[in-house]
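Structures for review follow.
What follows is chain A paired twice: with chain B in the first complex and chain C in the second.
On to the complex of A and B.
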């Protein structure tokens, strides 16, 4: 809840043929068959409703309308961000 | 009451409310409805991957309220600009409450980084509402950079100390050609009324409402205080005097 945005830590290559994504500062491993192809698929896998989220992929902003067309690739750093209560 | 105009947009309410620290989305929605606020601030944070469905803002009717994303958490201009761009991408809202607070203890805004970020964001078409210390020169510089308001603090965020910066606020209000929104530190309706009485155009309240035992009642109390303060300001209050000035006639006494 209070985690702030920060540039992702340097990516460490997945071992044993696993694919890896750095999501919100933490490494997530996926078996090649399980690796989501698009940002849309990734959000679905994580159980995140796309409507309230904006993303950054390797520092580039991706709006919800672009999620379905945005490919996700091994080694990318992804930030998933939403609005929270704040003053 | 006269209307508040920010960047050409008119508002009936001069009370802006922050959405942090409420016990539940329902309590927040009730408080927002009760106080008639039209502008509500929100923060941008990472999605909690372990609890992705958490949506504290689901109760906010976006047709009724203008969401004002803040850049809280930014420690420098670069981080603030990044957050503002993300906020705009998420909602198509180009309004941003710019805050750059590198010091976590007092959360005082960094004037140099705030001005730097404001200059960039104004050029990118943002409507910028910068949170600043009560510094009249900085307020002028931001105004010259094209910000839509200035938002000087009364005292540190969430401190409930009231208008510790009153003398500087009076100078800012006197000199400003954009709306002055007193933000931060207002703990009681009387603090809000005082800010409005000295000519502030609006106030922003979060902690004092959200953490009250009854947020809804406190929201109403702030609404009334803001209205009272604004009306008093428009009514032209008289300056304090050193000596008494009789209210009753000084002739016709039953003596002599």
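On to the complex of A and C.
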């Protein structure tokens, strides 16, 4: 069970019924009603401009134009990778 | 090529390393690295690669030294303000190590000019300060099959990734194209902590030396991110993408082109 939990199997809910996302290496908990439905909604919640990052959801790259259609589910591992143009 | 007595002394701390040795040092002296952008990332990379004895260093930058550069671009000194960056950097490299042959290109990175330059080198360091140039270097290196290190910085954060074209994830596998105009503030507007490019630029130089010597494991198929505020380094896995517009099987980018210039009205800003 521990192994299942650490892999973030979607149907596993925390003891308190919270939903969780692993975002840039940190666990984020959301009450079920507060859980963002899409990547767009997640970025808005985190205060990150949608055009400033690409996302990797469970290892799959999602480009900014797909954010609105990309559903976010409990247990996912999400990397938000910033565009960095400076040198 | 065999090392002189003076070279054996100069590079003794390299040579004493089992993984380098005399043969490795000779290899470095016979190697050619191109640094595109002689600014925050390019300054430390150029100085350390020169000190390490990379035999040929190319410097490409069409800009001149500005007073606002000096807070981080450590190859340029106060007396260099107004001087061409490639000239200023060449002088310092030659002072650090006369073994190094410096080639200068006082031009901007553009599709029509950079391809013939890049193909002469063994490894390229992307130390540019704008997205069109970063994508252009990725594309040229893909077509010419030249390995390179992508580097980028913003405020307190930096990122880098090593790309072996045709074998490992490319910059476009992660970022298919530049962000929309004005979505990401350039350093001139957003600021950058002066020490930050030192960290990232030297990690890029480390990758160059490792590649040239075939030593250790390269930072391929993953992006290393660094945050100076939290002191966190993270490696984000980045796989080659089947739908990569450049290196995927159904690539849509088949010839070299300049990405559209991002609009920025700030004086002297190239972002």
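In this text, the second predicted complex is superposed on the first by the 71 of 87 C-alpha atoms of A that agree within 3 Å, B and C clash if a C-alpha of one lies under 4 Å from a C-alpha of the other, contacts with A are read in each partner's own complex, and residues count from 1 in each chain.
In the analysis below, contacts are C-beta pairs under 8 Å (C-beta built on N, C-alpha and C of every residue); 3 or more make two chains touch, one makes a residue touch a chain.
Because the structure is a prediction, the values reported are computed rather than measured.
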| item | value |
| --- | --- |
| Which of chain B and chain C A:29 touches, first, second, both or neither | neither |
| Partner chain in contact with A:69 - chain B first, chain C second, else both or neither | neither |
| Touched partner set for A:56, first chain B, second chain C, both or neither | both |
| First, second, both or neither for A:81, with chain B first and chain C second | both |
| Of chain B and chain C, the chain that contacts the larger number of chain A residues | B |
| Chain B versus chain C as contact partner of A:47, first or second or both or neither | first |
| Residues on chain A lying within both footprints (that of chain B and that of chain C) | 24-25, 49, 52, 54, 56, 61, 63-64, 79, 81-87 |
| Complex interface listing, chain B residues touching chain A | 18-22, 28, 41-49, 52-57, 67, 69-70, 72-73, 79, 82-83, 85-87, 89-91, 157-158, 184, 204, 206-207 |
| Sites on chain A touched by chain C in the complex | 24-25, 49, 51-52, 54, 56, 59, 61, 63-64, 79, 81-87 |
| Residue numbers on chain A that touch chain B, as the complex places them | 1-5, 23-26, 46-49, 52-54, 56, 61-64, 79-87 |
| Residues of chain C touching chain A in the complex | 37, 39-42, 126-131, 134, 151-154, 157-159, 173-176, 178-180, 183-184, 186-187, 190, 192, 197, 223, 225, 232, 234, 236-239, 241, 271 |
